[in-house]
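Look at the two complexes coming up: chain A is in both, with chain B in one and chain C in the other.
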Partner chain A sequence: MNLLWLEIYKTFSRWRTYIGFGFIALVVILTEVVMKLSAGEIVHRMMRSLQKDFLVFGNVLNGWFVTAFIMNSLHIHIPFLIALVAGDIVSGEATSGTVRFLLIRPPSRYRIITAKYVTTIFYTAGLVVFLGLMCILPGLALFGSGDLVVHHFGKFGIVFIPEAEIPIRMLVAFVAAIWSMTAVASIAFLFSTLVENSIGPIIGTMAVVVVFLVIGNFPFDFFRSLKPYLFTTYMVFWQQFLDDPIRWQEIVKSAVILGLHSLGLFFIAFGVYARKDIKS
Partner chain B sequence: MEESSRTEVVLRTNGLSKRFGKRWATKDLNLEVHRGDIFGFLGPNGAGKSTTIRMILTLLGPTLGSIEIFGKDLQKNRCSILSRVCGIVEKPDFYLYLSAYKNLEILGSMTRSVRREEIMEALDAVGLRSRAFEKVKTFSHGMKQRLGIAQALLTQPELIILDEPTSGLDPQGMKEVRELIKKLSLDRNMTIFLSSHLLSEVELVATRMAVINHGELIVQGEASDLLEREATEYSIQAPPLDAAIKLIHNLPWVEIVSSENGKIGVHVSPGHASELNRLLVTHEIDVSSFYPHRTLEDFFLKVTEGTSEI
Partner chain C sequence: MKKFLLCLFWVSILLLPGVLHAQEDAARILDSLEKKYSSLKDYSADIHVHFDIEGFKAPDMQARLYCKPPDKMKIESKRIFFFPKEGGIFNPSMFNTEDFDVKSLERLTYEGSHAVKLKLTPKKRKQPGPQDFILTIDTDRNLIREINAASAEGREARARVEYGRFSDFDLPTRIELQLDFSFNESMEIKDFGQSPQQAKRVTGQVEITYSNYRVNTGLSDKIFNEPGSSKSRGGSYKGTESN
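Moving on, here comes the complex of A and B:
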């Protein structure tokens, strides 16, 4: 516990840790203000196709819709913010030279690396929770509440989720988002144990995420056949909690695959670091 | 100090070897450090000093051989051994965004819980008490070096390992660190393992020493024995010079090699340096300075000639 507390203290004493929080606060507030100012235009666009077939009334552009919209928009950017800290948490000690003090202390490397990994997950969870709070609280304050209108996950069509169900669905969607981002954090963490500078793991993680996303979205049979083997395919499984009906089998499958990725990557990092010669 | 505790082996390396790719950084090193020693570990840059220290502090794993500290195998008893050992490897690097106090608190509490007074005492011992709550990024290299020693002191270790502790310091800083090392050995009975590429640095503090080159041990033993075995060049400032030269000419174990700028350079046979000093003084010659001229290179040449094998 002591080691974990020390790691958390060190991580949250650095200004770099707050870049992600600052970015989220800025982008979310800016988006919400712009959406508020352009509310009429947005509602018009949303309703243009729907009103041909449906009679829609009530507060469609509400805080829940804004939250779902921002979460969908930022799922590429959040991994970068996570990599900023996760990619630096081990390699940063080598860059700054403090690794030479850290690893000559009695705690084993296994304990140190585990404390660092848990800190990484703690930061990841903190960032996603912050995103959620930044979306929901000002969103509800600015746009009010109402039913949620979203696209069907992976299909053509729309879903209406009653207002009463939304808070619990949002909560589990954010927990699922933390689970997804843990896999990204684990990649950055593994890279961080392999090298002695922080830039490599950050860029490396983003390269993996972007390349996998691009491969997964190419409309060719060869790339489609690869899609089930790319962790990025499962990264947006949180969206399924905002779908109807909720497909639990797919959710469990995605969660297990992402969990195995995280665990596997951590154990590789664990093994690499335990045997690593510290030359920096 | 009792003789029995003086000869207790605190650190022993057995055939310690480390290979990086095809290059052996150290080969078959057999070192022995006794309790209470200030052990000078000498060698030119690239000789394998830092590699050896990194292996002793578990930053590197040996390719061959083993390390025993306090009579226990280091690999099997890492945690219990490292709770009694501390060190600085190469330059002391800290969390620059934290204060000196917080750095010590973090590093110290990885060994055991440390109280505020202990941290302040350690800072006091190295003269940094007044800067305790300033961020380390505002510290000079010398201050970081002293803070490094403070973190080594904090957990009251029995063995301190210092890798080139005076490196990059100005003469005043070097003197302060030397004094601190002597004080730790005398006041706290700590065993100090000190690496350097400067013989002049080590000979001022070391009680025992070892010399390595190209990763291999050249010589090891009591510092006084090693340094006084060979005829050594001394520089003497002793006005009036004529009287001193006249006196020295009659001594069979001294050879004058130079005389300029108010100084005489002499070669003195082993074991006669203090006798020469005494003679000069008893003949009413004011000796204002009397110091050896030894370079690590000279020392290497002499010990590798095979005349100083221990």
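Moving on, here comes the complex of A and C:
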């Protein structure tokens, strides 16, 4: 436990750790202020297709809607912020020349790598929770509360979630988002155990995420057939909690696939680190 | 050939009074409908809306409707509220001979009563909005029983109206609305223009139940300036209030 706290302390002592938090705070606050200033235009744009046939009354642009909107916009960018810390957590020791000091202490390599992985997950969860709080608290203060109207772009229809159900749905959506981001963190963590500098794992993780996202979204049959095998396909399963009905089967499938990715990547990292020849 | 043209001319002359009479009759029916409700200054009612539309996953919604003919309407709801634009709101002064050209289509029997089908074409066409209305009017009771609204974009709304008697007025207790429209939302991508998407036909039904009427209570114009208000012109309600 002391080892875990030490790792957490070390991680949160680095200024790099706060880049992600700073970026999220800046982007979310900026987005919310802009949304507040151009509320009419945003409501018109999001309701344009519905307003041809329906009159819409009430506070559509509320704090919950803003939260869902920002989550939808940022879920592609959050992996990069996670990679900044997860990609550095093991290789950073080699870069700073502290890896030998670390390994001559009583805790075994297994305990050290496990503590580092748990720290990575802790940071990932912290970043997503911070995003959630940054969206919800100022969102509710600026835009008020109300029912959540989710409009799926490009197809007719809405999902209407009553206000009473939203907090619990948001909570599980954010838990699901943490679960998704854990898979990204695990890739960066594995890359971090493979090399001795931090840039490689960070860029490598970004490359994997970007390439998988691009492949998964190409409108060609060949790429479509690959889609089920890409973990990025399942990363947005948190959106299912803001749908009606909630498709539990798909949620369980996505959660299991992402969980297996995370676990598998961790065990590979575990094996790599256990056999690693420490030279610096 | 000359004889045929002459014959055609005389037939036209003979039929003309009948045609003119039919159009006068249609306008008279519409006028008498407007006259029937001329003393209806305002009304408010609780409305309950049930949606049964593909892809529209909304629960039943309740609100209080305030209406002041000819063009003021307000919805009061603590929650988000969706209301069909065409055919959902009862406004007898919406259909008048000043705004519409009226044409009689046919006489028929509607649920045991004498009825007539009138085609109303707006004198000033507005886009977007309904191009034509076809009303089925119960001429025995002087009531609009069906409203068919069709627009140039292929949108269709068909409302069947059931009435109850409230403070000497026949007012709707239930409106069953059949909607059929095409949905086409193209994605705007900067620098790439709009990506074309195939329009999808969406059909469904909306049931609107009216209850707890309060008629001619002297609603102030001020309440229609508050959020949730909407104004109508030429057949359908326009502006929406969502914030």
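To be clear about the criterion, the second predicted complex is superposed on the first by the 275 of 280 C-alpha atoms of A that agree within 3 Å, B and C clash if a C-alpha of one lies under 4 Å from a C-alpha of the other, contacts with A are read in each partner's own complex, and residues count from 1 in each chain.
Criterion: a residue touches a chain if its C-beta (ideal position, glycine included) is under 8 Å from a C-beta of that chain, and two chains touch if they have at least 3 such contacts.
Just so it is clear, the structure is predicted and the values come from calculations on it, not from any experiment.
Of the two partner chains, neither chain B nor chain C is touched by A:Val27. Looking at the shared chain after the overlay, A:Asn59 reaches chain C, while chain B stays out of its contact range. In the superposition on chain A, A:Asp147 makes contact with chain C only, while chain B stays out of contact range.
Look at A:Leu133: by the touch rule set out above, it reaches neither chain B nor chain C. Of the two partner chains placed by the overlay, only chain C lies in contact with A:Ile158; chain B stays clear of it. Chain A has more of its residues touched by C than by the other of chain B and chain C.
When the two complexes are overlaid on their common chain A, residue A:Leu230 makes contact with neither chain B nor chain C. Residues of chain A that lie in the contact sets of both chain B and chain C are absent, per the superposition on chain A. Contact residues of chain C toward chain A in the complex are 53-59, 63, 75, 77, 79-86, 128, 153, 155, 179, 181, 183, 185, 187, 197, 200, 202, 228, 230, 237, 240-243.
Within the complex, the chain B residues that touch chain A are 54, 57-61, 78-80, 82-83, 85-98, 102, 106-107, 109-111, 151. Considering their complex, residues 2-3, 6, 9-10, 13-15, 96-98, 100-108, 275, 277-279 of chain A touch chain B. Across the complex, chain C is touched by residues 39, 43, 47-61, 146-147, 149, 153-160, 162-163, 244 of chain A.
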